[in-house]
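In the two complexes below, subunit A is the common chain; its partner is subunit B in one and subunit C in the other.
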Partner chain A sequence: MVQTFYSGFVIPFIVGTSVLFAVIIYKYVRWMVRLPRRDKLKVWHGLFSVATLKGIWECFTECLLHRRIWRVNPLLGYMHTAFALGWFLLIVVGWVETIAYLGLRFVPLQGHIFFDYFTQDMDHGPRWGINFEVVMDVLLLYVLSGLVLAVFKRFRSRAMGMKRTTKLTLGDRVAMTSLWFVFPMRLLAESFPSQLPLWWGYSIALGVFFVAMPFSRYMHIFTEVPLIFLRRWGITSEAGREKSFDHFQLEACSRCGICIDPCQLQRDAGMRNVQSAYFIRDRRYNRLTRYVADNCLLCGRCQVKCPVGLELDTLRLGSRHSLSGTPSNGRFNYACDVDRSRGEGRVGYFAGCMTLLSPKILRSMERIFTAAGEQVWWADRDGGVCCGRPLKLSGDIEAARDMMRINAELFRNHGITTLVTSCPICLRVFREDYNLDGIEVLHHSEYFVRLLSDGRLTLKPGGTEKMTYHDPCELGRGCGIYDAPREVLQTVGTLVEPAETRDEALCCGSSLANMAVENSSQVAIAQAVGRAFEATGAGEIVTACPLCKKAIARGTSLPVMDLAEVIEQHLA
Partner chain B sequence: MKKIIVVGGGPAGMQAALSLVAEGLKPVIVERSGALGGKLRDWHNLFPSMTPAHEVLEGMTKQMENAGVEVMLHTEVEGLTDGGVLLMEGKKLEGEAVIVASGFDIFDARLKEEYGYHIYDNVFTTVDVERMLNKGEVALHDGSAPHGIAFVHCVGSRDEKVNQKHCSKVCCITGVKQAMEMRQLFPDAEIYNFYMDIRMFGPGYEELYQSAQQDFGVNFIRGRVSEASPTIDGRLQIKAEDTLVGRPLKMTVDMLVLIVGMKASSSNEKYALPLSSSGFLTPRDLFSGAVSSDLPNVFYAGTATAPKTIGESICEGSMAAEKVSEYLKSRK
Partner chain C sequence: MSAIEWGYSVLPARTMDLDRNDLGPVREMLEEMPQFGACIACGGCTATCTAGNLTSFNFRRVHTLVRRGEYTGAWAEMNKCMLCGKCRLVCPRGINTRGVVRLIKRKLGDY
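Coming up: the complex of A and B.
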């Protein structure tokens, strides 16, 4: 038997493996070939760089150890590590075992997989001082312990840190069921190596799993590896179009469902079929509807938790762009040459539409500028052109670019060196999409920190009144600004934090990215946010976004203020 | 004889008490403030007949005195209990039935920050205008007369953005009425009404609306004002869209009047009875059960259940009293 490595039962395994590798190679080659030239160049430049080494390390920590999942929940982490690392070691040690017993010679794949069957006549005593049988049995038990948890999770996900898990597709069910059979069948077959039906069972389980795998969520097992390297080499998805690289992201999604619990549309508005796992699933299988693409606040809470680090928001924006049928040609021509700015100064201030609709913030900004003795150029006080972010979030990237071009020219024409904005929505698009070389873009919170540290602004310390701070999505997760507003607030009062804060902060519910979420759902979210802040015992809620301010005020009886208003109240 | 508790001493509550006395029952009015009359005390002339509000109020209070209705002022109801209501500091008031006539709250115009109420000096609400009319001092912040006045309809009505989905019903006609009063005070001023729909549902309302345009020279522009901002010379610039012409417009005025809507009373939650999505108490049905609640001994009257005119609220007061009487008879 050792000589041929053949028995009838290996056929399902061989067929399954062949299909698996044929499909995977077909997919990867196709996606790589279709990468735009720019991305291909990035691959060549990155291949022999330190990025590749970092990628190898990331493959180890994420594909095998699953470090990020451990952070969500240790039991969930253990389950994934047991499957990934356990199975990986079974394969590696299996190969070593083959060499130890058969020497360095060609052994076909099935020879490794069904080693115990083909070598049942051999002495399986220790080789090189290692008792391989025991090692392999321990590894198999390790995987089986993960399997027990996986079965348990299907019925009691809450115990493993997940209130909800994903609904499965048919392909997922076939793959999952066969996967659940693989390891118990292996244990049985290896325990009774002379029983052929057991080997048939093991081989069929493997074969079915391998055939179903590339069409199911288990495609992530392989796809995460190329994704990690491509990402390390600097390839990203784009908001303005769907790209070939997107396929790697879509198929690296394991639909683990960790994105479902943080989603406030699920928690507070009862929407159960629009979360990132479902969006990715629908896009992957070409059945994406506008309903799913549009029902999202793009708050980024799921993206922070995604164990595969997928660009969930960008992928959704790409889809919105593909699905949006609005022609943008010339719609905004009237906005050219609009210059209603006033004042003169090296520092420009851009209010944005939402600040213009919140005149208290604008008034506070004016008083703060005066107190600091700043000469300000007011870009859009008497009206101006939109920053472009709302159009971008709706998928109309071409029209957004028109807005960006018009505004960028306006800023350059007036020779400013610093651009301050009190709107994080504008801030994000200025930083991410505008090319404002020579102009430093600051959020008003960062500008206040600077004024305070330069001694240009002195504030009266506040009383004992406690306040709490809301991290706007676009400012926190969007621009990574968490500390500046807190630093300013701490100079005037006592700050108390809500349960979910900083990069886990809740969305106000009225995100500009919303294309479909109904008003009643937005209010339900705002009320949940309001309750979270009321639970801190604070007397007022401070935020640093005019839109969040309006939105949260709908859900609470506590006063909601912008950072600028608080500062103005404390001007010495 | 056990008492019938009437929560709230506005027009609906006062009429309920008067009708209860007429039925031979003994009402007690529990009123949160220091006087009877509710918001009627703040109004100047009542639409559509321009009857002075104080005439209506005095007529009712005189009847109340003659009937000798018991009134508890400065007393707040905290909720319902078995056989009565719960008052402040855990006190109980026993009664055979309860009529909830606790009225409405005025929408807080500061929530529509874009209109600049309490930010710019010359932005007022219709409630402010009634007060100024009562004082006989209608003027801008600096005491001068306005040359341009704009009324904004539906501030806090039919506006999901501020959780006010409902139509407040009385604001359209209030805007028409106040525009006419302004014309009488300022014959040369430009007066505008910005509206999204004009709902002239009551007797004589449509005639008043016609007259405002034809005889009083009030301009009606169909379109919501999006924002107000100060001009350099201290006036107010408003932006809107004239949706009949299909053009955006900007206009500079001296005085902006926000026609504020009715908000469900925040006290409605205390009764633990069903509320509508806008927060008003939900009557058993909108026909013969319009003043009945889900509880056999609790009845409603006036704007606790929906925006209503003063006349309608008074009608419901009578109707609630009649239903109380029916209920008591049915128990015997």
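Coming up: the complex of A and C.
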């Protein structure tokens, strides 16, 4: 048998493997060829750089060890590592075993996989001082321990840190069931190597899994590897269009469902089919509806947790652009010559639509500027052009760019060097999409920190009143500003943190990014957020976003204030 | 006859014939988004509107006309909306006004 490495039962395995690699190579080549020229250049530049070495390390820590899953839940991490690392080692050690027993010679693929069958009549004693049989058995047991957990997770996912798991497609179920059969069948076949039916079972389980794999969620096994390298070489998805690179992200999604629990639309508003796992599934299989694409707060809570590190928000924006984007056609030309600014100064203040709707914040800002003796140019005190982020979030990126140009021109015409805004939505678009060379863009929290450290602003220390701080999505996860507002608040009061805070902070529920959500759902989320803050025992909720302020106020009886209002109250 | 400049003029007579207007598109819209019909035409949206502050854009007017099958110009008007979302925050009926804007644009794009 060693001579031919052939028996009828290897056919399902051979067919499965051939289909698997044919499909994968076809897909990868196609996606790579379709990359835009700029991205291809990035690949060439990155190939022989440190980025590749870092990529190899990331492949080891994420594709085999899965550190990011361990962080979600150790049991979940163990389960996945058992499958990935265990199976990987079975293949590698199996390969070494073949060489140890048969020497350095060509052995066809099935010879490695069904080694125990083809070498039944050989002496399986230790070679090179290693007892390969024991090593392979231990590795198989390791994988089987993961399998036991995987089956357990189907019934009690909660025990493994997941309240909800993904609803699987038919293809996923076929692939998963055959995968579950692979390892027990292997154990049985290797335990009774002379029993041909067991080898048939093992081979069929492998064959079915391999055929189903490239069409199911298990495509992530291979796809995460090219994704890691492409990402390391600087290729990203874009909000303004769907790209060939997106396919790598879509098919690297394992639909593990870790994104489902953090989603507030799921846990507070009972929506079960719009989460990132489902959005990516729908887009991958070309059945994405406008409702699913639009129904997302883009709060970024799932993106923080995603074990594959997918750009979930950007992918969704790309889809929105494809589904709803319309050409600009100069439709905002009416806003071109709008200049209702007033005042003179190097420091500009952009209130943004939402602050204009919250006169209290505007008044506080004015008093703070006066107290600090700042000469301020008010960009939009009497109405102005929107920053463009809401339009961008709706998928209308070309029209949004028109608005960005109009505002950027306005800022330049007035020669400001610093631009302060009290709205994180505006802040993010100023930093990410505007071309404001020479103008420093600051959120008002950062500006306050600067005023305080320069001694231009002195505050009365507050009483013992406890306050809690809400991280706005666009400010925290969006711009990475967590400390500035806290630093300011700590000078005037005692700060208590809610259970989920900083990069895990809740969304207020009224995010401008969600184009489809109904009022009742927004209120339900606001109430849940309100309860989370009330549980801290704080007397007031402070936030740093005019929209969050209005949204949270709908869900709690506690007073909700903007950072600027708190500062104003404590002006010395 | 030499006209006298009174400083104002009389608009030509204008009627809305609900029997003649094609209410198909608006029915479709109501079906897709029932909250579209919850508007009480209070005008809060228009009072806060960012675009309305800069032009004659009037969301309440367009919405009211569209509800009665008067679609001419609606799409062009809706294109002025910046989707800033202030109207949604002030709407006493909790209507997803931005959704309405996009719905009107999508349904009446080629009207």
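Keep in mind that, in the parts below, the second predicted complex is superposed on the first by the 569 of 572 C-alpha atoms of A that agree within 3 Å, B and C clash if a C-alpha of one lies under 4 Å from a C-alpha of the other, contacts with A are read in each partner's own complex, and residues count from 1 in each chain.
As a working rule, a residue touches a chain if its C-beta (ideal position, glycine included) is under 8 Å from a C-beta of that chain, and two chains touch if they have at least 3 such contacts.
None of these values were measured; they are calculated from a predicted model.
**Q** On subunit A, do subunit B and subunit C fit together or clash when superposed?
**A** Subunit B and subunit C clash in the superposed model.
**Q** Touch test for A:512: subunit B only (first), subunit C only (second), both, or neither?
**A** second
**Q** Applying the touch criterion given at the start, work out whether A:553 contacts subunit B, subunit C, both or neither, answering first, second, both or neither.
**A** After superposition on chain A, A:553 lies in contact with subunit B alone.
**Q** Pick one for A:368: touches subunit B only (first), subunit C only (second), both, or neither.
**A** Neither: A:368 stays clear of subunit B and subunit C.
**Q** For A:357, is the partner it touches subunit B (first), subunit C (second), both, or none of the two (neither)?
**A** Touch partners of A:357: subunit B and subunit C.
**Q** Looking at the overlay, does A:332 come into contact with subunit B only (first), subunit C only (second), both, or neither?
**A** In the superposed model, A:332 contacts subunit C only, not subunit B.
**Q** Which partner, subunit B or subunit C, is in contact with more residues of subunit A?
**A** The partner making contact with more of subunit A's residues is C.
**Q** Could you look at A:269 and tell me whether it touches subunit B, subunit C, both or neither (first, second, both, neither)?
**A** Touch status of A:269: no partner.
**Q** Is A:310 in contact with subunit B, with subunit C, with both, or with neither (first, second, both, neither)?
**A** neither
**Q** Pick from 44-52, 62-70, 80-88 or 98-106: which stretch of subunit C gets in the way of subunit B?
**A** 44-52
**Q** Overlap of the subunit B and subunit C footprints on subunit A, residue-wise?
**A** Of subunit A, residues 356-357, 519-520, 550 contact subunit B in one complex and subunit C in the other.
**Q** Which bits of subunit A are touching subunit C when the two form their complex?
**A** Result: residues 324, 326, 329, 331-332, 334-335, 338, 353-354, 356-357, 383-386, 388, 390-391, 394, 396, 403, 510, 512, 515-520, 547, 550 of subunit A touch subunit C.
**Q** Using the touch rule from the top, collect the residues of subunit B that touch subunit A in their complex.
**A** Answer in residue numbers: 111, 113-114, 116, 119-120, 160-163, 226-229, 277.
**Q** Touching residues of subunit A toward subunit B in the complex: what are they?
**A** 356-360, 363, 382, 519-520, 523, 550, 553-554
**Q** Going by the contact rule at the top, pick out the subunit C residues touching subunit A in the complex.
**A** It comes out as residues 35, 48, 50-51, 53-55, 79-80, 82-86, 89-90, 94-96, 98-99, 102, 105-106.
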